[in-house]
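The next part holds the structures, each set out as structure tokens.
What follows is chain A paired twice: with chain B in the first complex and chain C in the second.
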Partner chain A sequence: MPPIKEFFVDPNRCIGCQACVHACSECDTHKGQSMIHLDYVDPGRSTQTAPTICMHCDSPTCADVCPADAIKRTDDGRVMTARKPRCIACSNCVLACPFGVPKMMTELDLMMKCDMCYDRSSTGRTPMCAAVCPSGALFYGTREEIERRRPNSRPVNQFQFGGQKITTLVKMMVPREATIDRIDATDAMHDRPPADLVLLNIFDDEISETERES
Partner chain B sequence: MAASPPLTPEFLSRFGPTRAYPTGERLDTAVEPERLVKTHCCFCGQQCGIQLKVHGDKVVGFEPWEDFPFNQGMLCPKGVRRYLQGGHPDRLIQALERDASSPEGFRSIGYEDAVRRVADAIARIQGEHGPDAFALLSGASLTSEKTYLMGKFARMCLKTSNIDYNGRLCMVSAGAGNKKAFGIDRAANSWADILKAEVIWISGANVAECAPITTNYVWQARDNGAKIIVVDPRITPLARTCDLFLPVKPGRDAALFNGVLHLMIENHWIDEEFIRDNTVGFEAVAEKVKDWTPRRTAEVTGIAEKAIRQAAEWWGTAKTSFLMHARGIEHHSHGVQNVLGAINIVLASGRIGRPYCGYATITGQGNGQGGREHGQKCDQLPGARDIDDPEHRAEVAKVWGVDPDELPGKGVDAYEIFRKVDRGEVRGLLTISFNPIVSLPDSRFVERMLEKLDFYVAIDFFLNETARHADIVLPGSLHEEDEGVVCSSEGRVIKINKAIDCPGDARQDWRILQDIAGALGRPKGFEFETPRAIFDELRAASAGGVADYSGITYEKIEENHGVFWPCPATDQNGREADHQGTPRLFEPGSWNPVAKGAGPFYFEDGKARFNGVDYAPPTEDVDGDYPLMLTTGRVVSHFLSGTQTRRIGPLEDQFPEPRAELHPRLAKSLGVADGDWVEVESRRDAITIRASVVSTIRPDTVFVPYHWAGAKSINRVTIAAQDPISKIPEYKVCAVRVRKAEGAPEYADRFEPQQS
Partner chain C sequence: MSGVEGESPRSFPDGRPEEEQPAWIRDFPTDIPDDDYVARREFTKFLVLTSGGFAAGQCWIGLKSLGEETGPLPPKEIAPLDEVPVGGVVEFRYPNDDVPCLLIRLAEDRLVAYAQQCTHLSCAVVPDLDQGLLRCPCHHGYFEVDEGRAVAGPPRRPLPRITLEVRDGTIHATGLERRTT
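Then we have the complex of A and B:
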């Protein structure tokens, strides 16, 4: 029985190179379309970027809200992309997904999203994005391997979006000493990360109060 | 005369740059590749392993090569998309000749005809003006077989001393510094030694964007407990999470290294035993840094004194460490001094030549390391030998079957070759793997010199902006259309494998050189049938030299996932040996052909050298008229002059045009918002590009990437000041002024983002 490989996301390690975006569109299922997005978290103030891949929820919201039953989940927990002829391009899933994953491809009248490179991962190969990521932000391997590589982090796969609790197949790395077992997605919306002020300080001798608050 | 043809729609339609995207078979999910070819990336010196998918006569995609140990399948966007350079609409599949009557500017001619015209021109120019009147400019993105052949072609066939290469713009400061301090120019350690270093010092290297795989090494070390110190005028993606960031003022790196050494000595954070047993020159250097107090260092470098002290303490007290640097400290008129300063703090720590105690410059080009070893530098012969050393000349002449006196002497650097054109001393030029009108500083001068030449022939697979000036263009081969070896940034010699044949009349570059030699009636020494045959001669020519490849074979490379040179074919006593290569240099007790056992370093006494470092400000410091520092560099989706990456649609779309990075305070004082057009002007020239307002750069500094040509080329603005020893140009600092432009520049309506 081959070792179980899991998908681990470590957004702190993202360097914004977009190797994942390019490699995704080179995979064999949906050549020419990239299913991964890369966003600047605070453009102009930080080089921080973060990739958004499908988290492959245990109880996928996208599939739950789909009126056409176009989104299927495999036995091993991968949530597939929407299929024709069922998908009617209503965008319910686009609006409902807590992670912002599904993309409406209006020119194809079809939602498309990451399927964890099912054609690859179901045959023992690594999903494209995780295979190429040069900084370790996306990693596909055994739990033992990730523990060896990241002695200071641990994987978490429980999320909270308002009242909705979600368990995902994809794990997100958090600091080992963090006292949470569930990532609250709205946490970051309230407070400015403290690192931001440090960043502004490095290149400025004095910061005006207005600059600090803006 | 070699003026550029007008950029008519016909010209741009035929020669581009055009953005190519996946189409046809490359998009068809039903297409199964017939073969997967294991090879390496055609771009940077990391030399990631990759597999190319071949279907019919085309490369249709890639597959990660997870077994190649250096990168384990990881790639950056350039590697992922490189295959789109094949089957490209801009590809040169026929020889070209300038034709002023054609709206395309060139007409196709037969290959043999073109080669004959080239040979005739070379013979005429050399006949009338002497052998040195014809110059060669080569590049380090070629396999070592080709770089070796270029050097041989210059010295044995053309008998010109005027050959140099694009590494002059890249690795020569590190090369000169390493030779002066260690006697050898190669990374001291393989990258494996990064993983358990306690302190990693990174000076002048935008690792995440220019050597992405190295990010993983550095961050793996960090997960193992390492502290990361980054010295850079910008907060680059790797610097974002580093433990200590030193925002050095451009041009002041030597002062910082002197200041750190001062603190190391003051606090006894030095390895006295190592210094005593393995180095010379420490006392003189210690004396020299007495004046570099933390206060003085802070004033000169623009870094807070507290940060300097912290960096020195972490560096000074570490048990293991790795210091890496790149062009950020090397692209200066005192780049060699900067490198020597970095090496001084490594030597003073004693942490070299042991596990997890390392030092390296991060080589930029795919074969930047190999391409500076086997003779295409103006002062070099194969095996990293010196062209002026009588013993070295005799050794190589023997392999080539010529009299040592027949070999020319030392030539001049690439920029000086253009100055020779100005003086009428050089009248003919051949370029390959080099686009100097984009990559050399003060490039309007270069443009005028290209127009001044009597004859210019370019070998290339795309018509790059320099080749537009050519009289004849010969269609060369893509990386995937040839085979050979290259040497990666780590010192690992690896194999590039051929995936497809050359299209049309295009042929492998080494064949073109040999055809020219044949047409000149001087074929002796240029009759190789295969790259392997060239490599076998390279091995023999390098034997006994510092860069000894004699024990390396294609098979050994493939069996071992690469072989680190030196790898001699015989042991110290001349007996045949099966050497496994040398991943780590300078190990105590190691033998080398220069020291012959006296010590691990490559000098007769086996000891490394401390070199006194003189700090000097940049050649063109800021003043009232030009109050801002311009520094130039790269972005992750483009490579060098953009000849390839500006033609790969998805890479060009990731970063379509150059942007001037301005700090918000600077932008506010200029009335500039993010995305506004600004004019960046120096004493040389001005360009108008859009601004990016980011707080990740010093407020007194402007950053512009250099991958674009013509009116978007920042090298029109940079200064041609060069280091006196290495001759590297000072790309990293000159004086500019910036103002909001009146409106969009003329090119905005006329050209696509990748064109100019």
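Then we have the complex of A and C:
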């Protein structure tokens, strides 16, 4: 039996070269559209970018909220683009996905998303984005390979979005010494606010009362 | 499977196992193999309903044909015999205005008449008396003019024949004869 290959994402290593974005649209199952999201993490303050591919959840929120029963998962856990005859282009999945993966293609009236290049990965070949990534931010290979290449990192596939716990097929690399067993999305929301953010204390009763008195 | 990950079990948003999920979640599974699976009961239901539909349709057709009027048709005047030359064709409608028919005088003492609808898909047939044929232009069906039998093309049944009678120098249609061979 050939070795089991898995997908590992290491956003730290992303250099924002857009190679994955262009390679993605070349995939035969993507109808010429790029399914990958490449975002600036903190525009204006940092050049750090991060690629987002579908994490392929074991309980896909997109499929759970689909009113048309259009989003399906293969037996090896890949969540597919919505089925064209069923998709009603309601965008429920786009709003519901905690990772923000699905894209609504309004010209096709169809939700399309990363399917890990199912034509390639189902036959053991590397998905397009991982095949072209020059820095290894997107890596497709065996567990042994990733451990050899990234001795200071380890993969995590548990996520916490508020009350929602998600286990995914795609793994996210975190520092090896980190003590977390899951990545909590709300952790990133408690950073100090940017210096130029103007705070209107409309919810602060004390201030509004003093203002009213003066 | 070659070089891909093994089976990945489905979990549910509330964390409970599949057996405890509400029926509608189990009715609309997310995994493709479960979605494609047809249970024996569903398949049997489908078979019974569709074959029941066909049987009911057959009964309906049978009952409808039982209720058809089979009495003799009223005679209808077509044309004076003198006005139809040998080799001439007269178009008329019989027994009602929905059915176009052709009266053909083949010889001094031989008159034939057929409903004009081809027995394949009811296109109007066109007389081609030089060849002794009635031709359907839609799919090139041919009927011979003597008896109205199909000789070539898709139609298998002969054209319905109109029985004729000459009374006082006028041609009358007296009946419609549907034939299967």
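Just so we're on the same page, the second predicted complex is superposed on the first by the 190 of 214 C-alpha atoms of A that agree within 3 Å, B and C clash if a C-alpha of one lies under 4 Å from a C-alpha of the other, contacts with A are read in each partner's own complex, and residues count from 1 in each chain.
Criterion: contacts are C-beta pairs under 8 Å (C-beta built on N, C-alpha and C of every residue); 3 or more make two chains touch, one makes a residue touch a chain.
Remember, it's a predicted structure, so these values are computed and weren't measured experimentally.
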Q: In the overlay, answer first, second, both or neither for which of chain B and chain C A:91 touches.
A: neither
Q: Classify the contacts of A:164 with the two partner chains as first (chain B alone), second (chain C alone), both, or neither.
A: second
Q: Return the chain, chain B or chain C, that is in touch with more residues of chain A.
A: B
Q.
Under the stated touch criterion, which partner chain does A:18 make contact with: chain B (first), chain C (second), both, or neither?
A. first
Q) First (chain B), second (chain C), both or neither: which does A:44 touch? A) first
Q) Which partner does A:150 reach: the first (chain B), the second (chain C), both, or neither? A) first
Q: Kindly list the residues of chain A that each of chain B and chain C touches, one partner per complex.
A: none
Q. Can you name the residues of chain A that touch chain C in the complex?
A. 2-6, 58-61, 63-64, 69, 71-77, 80, 121-124, 164-165, 167, 169
Q | For the chain B and chain A complex, residues of the former touching the latter | A | 21-22, 26-29, 61-62, 64, 66, 71, 73-77, 79-81, 208-209, 212-213, 215-216, 219-220, 223-224, 235-238, 240-241, 245, 247, 636-637, 650-651, 654, 663-665, 674, 692-699
Q | List of chain A residues in touch with chain B within their complex | A | 12-13, 15-19, 21-23, 25-26, 28-32, 44-49, 126, 128, 131-136, 149-153, 199-200, 202-204
(Q) For a test of understanding, state which residues of chain C touch chain A in their complex under the given definition. (A) 1-13, 15, 28, 30-33, 35
